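Consider the two complexes below, in which subunit A is the common component and subunit B and subunit C are the respective partners.
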Partner chain A sequence: MIKELEEVVDVPCVHICTVVPISLTVGANRIDPAVAIPHPLGNPALSPEDEFSLRRKIVEKALQALCTDVSEQTVF
Partner chain B sequence: MRLELGYISVKDVKFGEKTELRDGIVYVNKAELLETIADERLAKLDVDIVHPGESVRICPVKDVLEPRVKVSGSGNVFPGFFDDAKTVGEGRTHVLRGMGVMTVGKIVGFQEGIVDMAGPGADYTPFSQLINLVILADKVEGLKQHEHEAALRMVGLKATRYVAEVSRNAEPDEIKVYETKPLQEQLLEYPGLPKVAYVYALQTQGLLHDSYLYAVDAKKILPTLIYPTEVMDGAVISGNCVSACDKNTTYHHLNSPVIYDLFEHHGKDLNFVGVVVSNENVTLLDKERSSNYAAKLIKSMGVDGVIISEEGFGNPDADLMMNCKKIEAEGIKTVLITDEYAGRDGASQSLADGHVAANAVVTAGNANAVITLPKLDKVIGYVDAVNTIAGGFDGALAADGSITIEIQAITGATNELGFNRMGGSVI
Partner chain C sequence: MAGIRVVHYINQFFAGIGGEEKADTKPFKKEGVVGPGSALQAAFGEEMTIVGTVICGDTYFNENLDTVIPEIIKMIAGFNPQVFIAGPAFNAGRYGVACGAVCEAVARQLKIPVITGMYEENPGADMYKKSAYIIKTGNSAAKMRQAIPAMAKLALKLGKSEAIGTPEEEGYLPKGIRINIWYEKRGSARAVDMLIKKLRGEAFQTEYPMPVFDRVTPRPALKDLSKAKIALVTSGGIVPKGNPDRIESSSASKFGTYDLTGFDDLTAATHETAHGGYDPVYANQDPDRVLPVDVMRVLEKEGVIGSLHNTYYATVGNGTSVANAKKYAHAIGLELKEAGVDGIILTST
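And now, the complex of A and B:
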C-alpha cells in the first residue's frame, strides 16, 4: 500500500508499524515505530489519559516525518 | 535423558461399556468420558468417532492430540496441567498410534480449521489418516473468548489423558529409544560429526494465539533449553486458534518431524545436541530480546548448525529472520522451515520479511492456494464457520454444500514442522 501510494500516486507516506524490520523489508521510506501488533497506537496497560498522550506522540511523530525530506529509508 | 516410546497400534476405536484396550481396539465408555471432561464453562458436550475414508467433514477443529501415558520415569504427560510440573522425558511412555483426540465446537476465534476424512481435502491434512475421537463442546452463553479457549484446551488434555490410560499395561508393538545426554557429554559423543541444534519457535502472540511450555504461557519465557524427549512427553502444547494450516497442534508437537528426523540422523551424519524453545511475541522489543537470547544460547552450546522452525506467518517471519541473522552472525549455519503466503496465483512476495543470511529455506507450501471441497455426507461441528475462518470468506459455502477455500483453512495443510505431504525446497 505504502509503496503503491508513493510510487504510483506520488503521495508521500509514513508507515506506523510495530515490526520495523518488516517495514524496512517491504520498502517503506518513512517509518514511525508503533507499540504492539494487536494495538499499534494504544497500550491497554496505561490509563486512558496516558494512552491518549502516547497515541498523540506517535501521530505527531508521523506528521513530522511526513513533512521531512528523506534520501533513504528512515526510522523516526 | 533416555526415553523409550512404546507404540501400540490402534486397530479401531469404538464405544463400549468399559474404557479399555482389547485386541488392539480402544473401547471408550462415553458416559464416563463425558463425566471426566465436564466443565461448567461448556454447555453441550458430545463425543463421536470418525475413521479414515468416511464421508465426514469436521469443522471448526481447534486442537488435535495423541494419547500418551507415562509408564515409568518422572512426571506425567502434559506436565504442569495436572501435577506439579515434574520434569518429563525419561523412562517409558506408551503411545496409542493411529488415533487422535480432536476438539471441535462453536468457533473460539476465527482461525480454527477443517478436517475432511475423505475426498480431495483429506490429502491436505494428516489427521484424515487417524481414527479420531471427536469431542464436541459448546460454550455457555456469555463466556468470554479466552475462557472458551482455556476450557476447550483443558477438555482436550483431559480426554486425551483419560483415553491414554488404557495403554498403561499394554504390550507395545514397537519400542523406539531416544536419548540425549547432558550437553557437555553430548557435544563429545560423536567427534567428527557436525553438531546440530534446533530452535523451536512457538506461536505466542496472545489473544488466542498461545503455546504452553510445562503449562507456562510461553510468551512469558525467555528462550530456554529443553531435551527433545521432554517434547515427546507433552512439555509443549497448543493453545492456539491461529490459522489452521500452519499452527502446530498438540499432536504436531508430540510428533514433530524435525525432532524425530534429527534423531534418525543422530550418530550417523550429525550429532543432535539439543533444542532451544523460543517464542513469537507482539512487540519489537520482545522479538529482539528473544532472538538475542536464542542466539546467545546457541552460541554457548558450541554447535555448527541450527534448524529454525516458524509457527504461523506474517509478523513471525520477522522472528524467523532475526533468529537466522543473529545465529549466522556467530558463524553458525542455519536452515529455516516456513510456509508461504504468495497470493492465490503464487506470484506475490511470499514472506513478510527476509534477510540475505536466510539462504537455505525449506517451504511447506503456499497457504493461499485455493481448493474446492465437495459436499460430504456428514458434518461434525458447524460448517458455516467456513464463511468466517481465516482462509475462508463470505460465500465460501455454496448452496450445494461444497466449499471453496484457501488451503490456509485446512488443519495442518502447510505445517512448518514438515508434518505434511506437500512442499518443495529452495536453496
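And now, the complex of A and C:
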C-alpha cells in the first residue's frame, strides 16, 4: 500500500509499523517504528497522559520523516 | 524410537493454545509432536522422528526479535536435532516471519538442514527464501493436507543427505542458488533456440531470470509542514463503530472511506477495529492507538501541521493479497491526489 500511495499521490509517505523488517521487505521508503502489533501508537500500561505523549512522539517522528529527504529506504 | 531426529516449530494457534488473545505467549518446548507435527510424523514413518516441538506466540516473537531467537535456538539445540522444520505458516505474516527467522538462525548456528512452508506472498517468504527451503503452500490452513507431504518428502531427503532437485521438482521457492550443468548444446545455440521460440510466440524458459526490483522512488521532503495537509490511511482496520461497510476481518475485499470532520479523538463509543489478525482489545478501547487522530488534531491546533485531511481510509491488512492491497491503495491514492494532500501517514498493526 505504502509504495502505491507514494507512486500515485506523488507526495512523501511514511509507514508507522511495528515489524520493521516486513516494511523493509515491502519497500517503504520512510519507516517509523511503532510500539507493538495490537497497539502501534499506544501503550495500555501507561497513564492516559503518558500514553498520549508517547503517541505524540511517534507521530512527530513520522512528520519529521516526511520533512526529511531520503535517497533510499530509511528507518527513523 | 529411532530414526533421524527432527525438531518442529509452531505458533500458539497451531499448538492449540489460542488465537490472537494468546499471541503474546512466550516460547516454550514440549517433548514429541504437537498439532501439525503429528501429520508430519505420519508422513515420515519410521525414518525420522519429531523429538521435540518449540512453540511461541506470533506477536511475542515479532516484538522481541532480538531476545527471542537465541532463547528458541537454545531450546531447539537441547533436543539435539539433525533436521529442523517450522510451520507451515501459509499466508500468516507474523508466523511466516517467525518460521523464516528461526530457520535462518538454526541453519547458521546449528548447521543442520532447515525447511518451512509458506504461501508465496507471505512477507516471510521473500525475507527468508535464500536461507531456508520454503515449500510453496496454499494461502490458508485448509491447504495443510497438500503442504505436509511436500514438506515431509523434502525433509526426508535433506535428513538422508540425498540430492535435492530443482525448485520446480521439489516445490520450494527458488533460493537463488546456481548449479553448473552440462548441456548437449552450447550457450549460443540455446540462446538462438530461445529467440526463435520467442519470435514464434512459443513458450520458452529463460536460464537466468532477472530479479524484479519493485521499488518506488522516494518523493522529496515536505518544504513547510506548517502549511501541509496530511492524510491518514491504515491497514489496521479502524472503522466507525458497527463497521458500516462490513470490511472483512481477514482477506478484506474492500477499503472504507470515512469522514473525520468534528472528530478530535477516536473513542470506544465512536470507532473500533475490524481487523481479525491481532488482539482487538487495545484498539477497541482507544482506536487512536492505531489511527492517531487525537494527536493529529492537537498538532493541527498548534499549527505544527497545516491541517489533517478530513477523510481517512481504512482496510484490513490480514491475509490480504498483495494485488488487492495495491488495488485499494491505487484507488485511495487517486482520491488523495484529487484532494491535494501533501503527505501521507500509513499505520499498520
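Criterion: the second predicted complex is superposed on the first by the 76 of 76 C-alpha atoms of A that agree within 3 Å, B and C clash if a C-alpha of one lies under 4 Å from a C-alpha of the other, contacts with A are read in each partner's own complex, and residues count from 1 in each chain.
Convention: a residue touches a chain if its C-beta (ideal position, glycine included) is under 8 Å from a C-beta of that chain, and two chains touch if they have at least 3 such contacts.
Only a predicted model underlies this, so the values are computations on that prediction, with no experimental measurement involved.
Contacts of A:Pro38 after superposition on the shared chain: both subunit B and subunit C are touched. When the shared chain is aligned, no partner comes close enough to touch A:Val75: not subunit B, not subunit C. Touch criterion met: A:Ile22 reaches subunit B and subunit C at once. When the shared chain is aligned, subunit C comes close enough to touch A:Glu4, but subunit B does not. When the two complexes are overlaid, the chain among subunit B and subunit C that reaches more residues of subunit A is C. Once chain A of one complex is fitted onto chain A of the other, the partner contacts of A:Arg30 are limited to subunit C, with no touch recorded for subunit B. When the two complexes are overlaid on their common chain A, residue A:Leu46 makes contact with neither subunit B nor subunit C. Legend: residue contacts after superposition of the two complexes on their common chain; A:Val59 is shown touching subunit C, with no touch to subunit B. On subunit A, the patch touched by subunit B and the patch touched by subunit C overlap at residues 18-19, 21-22, 25-26, 36-38. For subunit B in complex with subunit A, the residues that touch the partner chain are 205-207, 282-284, 287, 315, 317-318, 321-322, 349, 352-354.
Subunit A meets subunit B in the complex at residues 18-22, 25-26, 33, 35-38. Across the complex, subunit C meets subunit A through its residues 20, 23, 59, 62-63, 65, 93-94, 97, 123, 126-127, 214-216, 218-222, 225, 228, 230, 233, 235-236, 278-283, 285-286, 288-292, 294-296, 298-299, 304-305, 315, 317, 325-326, 328-330, 332-334, 336-337, 341-349. Interface residues of subunit A, counted against subunit C in their complex, comprise 1-19, 21-23, 25-27, 29-30, 34, 36-42, 44, 52, 55-56, 58-60, 62-63, 66-72, 74.
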